[in-house]
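Given below, in the form of structure tokens, are the structures.
Each of the next two complexes has subunit A plus one other chain: subunit B in the first, subunit C in the second.
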Partner chain A sequence: MSTHETLFATLAVTLLGSVAPADPAQPWTADDEPEESEKAPVEIEDYYFAVTGGDVHAAGGEVLRGATLLAKNGKITHIGYDVEIPGVDYFADMPQEDRNFVTETLDATGLRVYPGLVAISSSGLMGASGDFADTADPFHQNLVLALGGGITSTGASRGVVKLKRYVEHDPPRDYDFGGIVLGESTYVSLSWSGRSPSGKASLREKLTAAADYLRVYRQWEADVKKDKELEEPRKTGVDSSILAILKGEVRARFGADDRDDLLGIARLAQEFGFRPVIKGCREGWTVADELGRAGASAIITPRSRRDKNEDLVREGGSSIENAALLHAAGIPIVIEPQSGGVNLSGIVGRDILHLPVEAAFAVRGGLSEAAALDAITIEPARMMGIGHRVGSLAVGKDCDLIVTDGDVLHYQTFVQYAVVDGELVYDKEKELFYAHIRPRAQGEVAPPEKLDAGENPEEQEDEGDGGEDPGEEGEGEDSGDDGGDEEADEEEEGDEAEGDGGA
Partner chain B sequence: MKRPFHSLLPLVLSGAAFASGPGNPGEPGVEQGLALKAAKVLTVPVDGPQVVDNGVVLVHDGRIEAVGPAATTAIPKGWETIDLGERWLAPGMIDLHNHVAGGLRDLNDMVYLTNPGLRASTTITPRNSNVQRALGGGVTSVLLIPGSGTNVGGQGVLVKLGHHSYEEVEIRNPGSLKLAQAGNPERFLFGVGRSFMNWNTRNTFRRGVAYAKRWEAHEREGGEGPAVDPQFEVFRPLYTKQTQVSTHTQMYQVVMMTVLMIKQELGIDVYIDHGTFDGWRAAPLAEAAAVPAILGPRNISVPSRRMIDWTGSNPERIQGVAAGYQDMGHTMIGFNTDAPVLPSEELFFQASMGVRYGFRWDELQSVRGVTIVPALAAGIADRVGSLEAGKDADILIIGGDPVDPRSMVEAVLVDGVRVYDAGRDGQRF
Partner chain C sequence: MISKSLLPFLCLLAVAGPAQAADILAIKVGRAETISHGTIEHAVILVEDGRIVMVGEDLPIERGIEVLDRDPEWTVMPGLVNCYSRVGLDSKGGNDSRPMQMASGELYPASEDFAKVLEAGVTTLGLYPPGNGIPGQSVVVRPSGETAGEMILADGAYLKVLARSSASSKKMIRKGFEKADDYTEKEQKAREKWEKAKEKWEKDKKKKDDKEEEEDGDQKKTFDPYVAPEPDDQATAFQALRDGELRALISISDSASYLHFLDAIDDEEFTWDLRVPVTRELNLFHLAGKIGEAGRRVVMEPTMSLHPATMRQRNLPAELATAGAKLVLIPRSDSVESHEAWLRHTGELVALGLPREVALRAMTLEAAEVLGMGETLGSVDEGKAANLVFFDGDPLEPGTNIEAVMLDGRFVTEEVDR
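Presenting the complex of A and B:
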């Protein structure tokens, strides 16, 4: 182990120990400085986080230009134009020691606010393996990079996790590392392949046994209400995970690309009454209607190439239009890049750090921009059973968002800030990796500031007013099929770059 | 749900003007010409304005007859006019590092450590599946080159995509002499190091130049000619600057060696190909020697504290390769794929990622890097690489910024022939 690693590990342990006090509710200054404060400081009860002035891409596809998003204790409470921020719009003159709340604001004027991206799967983002909670490292480099790539939640080896990076706070906050796990694994992997006829037969047997059992069990459920003595039917020979699929508790996930296998899965799903998730699905576009009728969902990589099998007498092989055609057939689409890991070897644009870029290739194939954004936010969240918490910006949901310097599907766009549970966890300018690439212009974007009693409240109010001024007109609609305006945006960006070049 | 082009394009392009089969307007040998009107025409000439808004391109006999604003450019009587509306026009893209236009397995015959006599042209396979898909990505010309298993893998060949026969596709043969300065040839036989590779490469090149000089003297002074040596024939066009050396050269020291040995010592035109890693540190030397830099497939360089001497001059950051060359003052930066390492159709994406990681495109360097820059590097800018009168009609009809992955290539003309049309052929990429 190198010196760096040793130092790093020690640091990690120390910090973790020091910021996870046994009793976080205990005031941190109460007994230490009695002579300075005559009365005991007010306990902090609420943490507010506000993003102001940005173009907020809210749930359902609406874009609120120059709007304010406010979160309280990690949950979104307001999105709109007449949002009053505590400590800014009211209680502004209240001294800090009297406040039972802390407010942080992030000025996103001229920037765009999107939900944090959701990766359906990934590897090594927090150095974790196996039991996530016990092996995850909140200081891992890949965690910072992934946040820089816009990802705030991901499917992991077992379950669904948030990329909740350790952030130092003054005053410190309770830090619950276990809280990052959003949910248990919500799928069971199954196999259905023409290369394994015996595997197909075995799966069909298991499904039949589970379906038979479920029929008997449902009957028993009805009968036992009348006759309490009735014995519950025995589960002998019934696969419990298959049973969970038929009960709708978990989803069956298949890896399949061949047209024939896809049709087989669709028939199986309709016969036994479950909704399959199909990963790969490269020939899905040839049987999109059948998959749609079977209630399938698809996890696809738009650029993934596959030559047509020339033995096939129908159309086949991969198609860049796959995402668009599947989506048109009513199939929920989740997009994942070719690699779920972080690749810094030089070949870029194909790993987990370039999730929106992969989605852009689906747009090339005809998917609307709105659907492409959904495919890396709300659709993977729904597929993993966490759609009620993350994946879109709506009141009541977790305040997980990214602030970008442009259309998130544009190849040049960088994540400027990432926020998880209402905490700023990533700032491009303050990390090593991308700060030198098109740095934010001085003064154009104010750094996030915590509003302490010492700050000038009037100045803050001015900023708040400024964000509501009209003046963001003229930008193209983001509703997808308006290619002309998108291009106009790019031209504008080009002009800006020219200006920077001269400076 | 379907995009407009699915319904529009067949109407627009499959009309009388673009009816399939031979004899279409604009194609070689057809008297009638073709006028393409578009919202934006990215002309990207070497110098001067790079864009014509609301422009028109006149195509006649496989070549571009004129380019200009629609308002002031007269369309000759009897020519077919196609109004492409909001679409853009751009030059066909050029990939100077390609291994898939021919037989991939035939390109890395590691006979000797230097094999200047081997020819990639003998393996050309027009219209193979990789080529067909590359057209869907807007690539119309490639340099098919031997692999980098040896220091000199053989002669590359410059070809167009989309036509049917070798005679139709050849732009120039030899398209280049492929030199792999370092990076793979180390594995030759039982392993060789850089000292020997440099000696051996110089040995081959100096003998080759001497051979070319003997032939030049013979052609000038007459008399009995030197014995023909197929191993060294390629040095004759190299010596007279009719072709170039395309060099797989990546790292700082190796790029310096390329510039010093090939360009400055031997006086042969050379360009950096497959430029990656920290070769950008040698950019000032390359710029001063007029050695173009064609970069890819790796777009970033991330120094590791464990692997690189920590001098403080190289902060721990993600360094764009193209941005590095540009920041060091290099002005001739292009991109390549190294297909099949990256698919041919993703040539434009090399430029996208260059831009993402800091390459400035305020003067359309992103589009130039896949068109006019590689054309200049390979010495074929008189025929391809920009939309200018007199050049081959290799034209992309595209939804928008050619470097944006979202912009689909709707149709491709090569030598005025519609070799790809997403509405007719299905969208290949």
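Presenting the complex of A and C:
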């Protein structure tokens, strides 16, 4: 499925790459009306966001080095090479006030572009615990921290939310609270445990009742086409959420680690025909084939440990290879850290901010890096029913991405930028949290400022003190930090002027 | 120019005779902070019948007018206006929407606090009703008087609305406007019905008149006049907001609640100011630009806060004022001590970057605007109430004392030696 998506995406890009996009901003000459004095400000219709020069990790595990990703109004429209950016590659000379679009570009040269990470569950990232459209805090500190941890979407309560931070724009844009909620009620919690035989019995009863009803209901669905008088079978005694599971509308989520429980869930799923999600699944590696055949998915925490039950002869306990073995058995795996919250005390590295670190431990146990990345992006997105919107970088999907300074699974890597719905919502250098750690070497990356036509370098030299000795200039150029930048530029301009004078 | 215009006026007064001159007092001070038009050195303020009738630099004073000469020791500024307070009130409120509840109903003139805050230079108070949700409307009082009637300057000054990041709070606001919509519709229908009935009645009457002209009998001469259906409290208050007859003070707690409030009111237009309690880690700086651009009036305490999760101090009142918001300052709490320390606290913010003139304005004229009384209070200007506070130095400097307080032209502090 995902390879098809990617193929299509790349095809689309190669086809469209050389031509200007089919839907650029309206031709601006049409807006040029004779009466210049009463010119109303052009209303902004389209917002473009482009990431250029980065190594784009597109859907399906493909890496496009030094490619461009372009998004329009929050949706990705192009990924590839020779992508033309409005306002940069065309309409570049159009005066700002005539444009009915805004283009923001992010230079990611030397950096990597990944889809925003998706946390299967978390708590407190939006400063609310339900009713997100009416209670979310788009300024919450945890939200910024989570974005800094690479997360752009998360399961919260039973629903899914997008970490839409409020960003001030010029011209100002409205904040869309409705856009926070990606989905509601994405799963039903069920319990199947050897410690509660009665619970098992009751679940089986409910499933049986729902399955019986469903059989009658399907028959009615077929019959009612012929005879419209037929009444819909009554639902009395049928658990509606169980019914939704059997209808495939929502997924059942079990919490289970024990081998026996896992086998029981696998058999139950096969018997009643649904695909269970198993959270924990620490002994899953011992029964991976059975789980795979039952169509189960797993939510695992590779670092969480469990002792073997020494009373039993068979294999048991946790294994660092769990993720790798489950994946090899065809089980979609989702990785989550031990804690879903932001923990600012205790041992660091086990909370939601360390989602990629947790995935890296699965790689240590033999899981491929691509599968580990999927386990924190597209797999959780699919599990929550939002795989068509987020979780990978492909044309048509939401422009939710992160730009990192290294492999996302490496412990040294920092998220440099995070983008949600085509809006830059996190810049490491601008937040208090990590800005001081390995700051971006701006002086080296940024090219010297060019002079526009008509600007006179000599005048600028007159304003500054011209009598500087050459030794100081050298120092100025070397320093590449924030403060030094402007100074260095000025001195370079001065350099040119001196050269001119000499000629 | 002021002195020229003053001369004929003073001559007239002199002609009118010394009897009337007794009500007139000319006050000479070293410096006057007028708020509306800057600082005047060697200012003369002419007060008559509780109002300021003339202000200017070194104005000549006609003989016969009583003069209080404190030039250059005294500095004067308009009486302080605390637009958001519950001084002297102590009832409890609910969490629902009761927009027609009036704070004036719980006014207790015998409270000792009023005299004390007046002595601290506070000549006007905006008292708000208690409770969360939409607790009701505030009342403007002068902190002096035996009865509520003597104290109240204006009732229903603003509708207090608590806006929070919660579904119930947003619903309450939306519901209010919906009720107003419903009433408008209901009223329109009732009117149409009445008009139709009237038309029919007129027709019938004409017919009857034609038929039996001579018979002056049972028929009524006129049709009953239209009576609009009675609106409920919600509809009354929210319609008044829409019509501009009532203004609102929106109490938010942080940046998020402000965005949620904007989301709740959608495109609804009415006059509203903001109230933000300055908490330790208030994050309103995120929206300073947005609030500033809109030129909103923001009611805050003169308190420094910290950048969230750090120990870095932020001067949020100054940040908002710099961004273009109209700053309104209130004492840190409703205690008498806070009122006494109000100027000092404000002075601290000024020392930390808040422009001085903004600070003085925030305690007087802008506060009066929140109460809808900017025309009559809050500055040393012709025609405004003679609410004045006299200091022995710069009002915002620590160590400066209040020498006298004048409320509606009368000194309310101890006998002033003339």
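Here, the second predicted complex is superposed on the first by the 403 of 503 C-alpha atoms of A that agree within 3 Å, B and C clash if a C-alpha of one lies under 4 Å from a C-alpha of the other, contacts with A are read in each partner's own complex, and residues count from 1 in each chain.
Keep in mind that, in the parts below, a residue touches a chain if its C-beta (ideal position, glycine included) is under 8 Å from a C-beta of that chain, and two chains touch if they have at least 3 such contacts.
Note that the structure is predicted; figures quoted are calculated from it, not measured.
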item	value
Which of subunit B and subunit C A:V357 touches, first, second, both or neither	first
First (subunit B), second (subunit C), both or neither touched by A:D260	neither
Contacts of A:A435 with subunit B and subunit C, given as first, second, both or neither	first
Which of subunit B and subunit C A:D239 touches, first, second, both or neither	neither
Which of subunit B and subunit C A:A324 touches, first, second, both or neither	first
More subunit A residues in contact - subunit B or subunit C	B
First (subunit B), second (subunit C), both or neither touched by A:D289	neither
Touching partner for A:G365 - first (subunit B), second (subunit C), both, neither	first
Subunit B versus subunit C as contact partner of A:Y166, first or second or both or neither	second
Footprint overlap on subunit A, comparing subunit B with subunit C	432
Residues of subunit A defined as touching subunit C within the complex	127-128, 131, 134-141, 166, 168, 172, 175, 177, 432
Subunit A residues touching subunit B - in the complex, by the definition given at the top	2, 4, 303, 305, 307, 319-321, 324, 327-328, 344-349, 357, 360-361, 363-366, 369, 409-412, 414, 432-438, 481, 483-484, 486-487, 490, 494-495, 497-498, 500-501
Residues of subunit B defined as touching subunit A within the complex	1-4, 6, 39-40, 86, 88, 129, 133, 136, 276-277, 297-302, 305-306, 315-318, 320-321, 323, 341-343, 346, 349, 352-353, 355-358, 360-364, 399-401, 403-408, 426-429
Interfacial residue positions of subunit C with respect to subunit A in the complex	165-167, 170, 254-256, 259-260, 262-263, 283, 286-287, 289-290, 293, 307-310
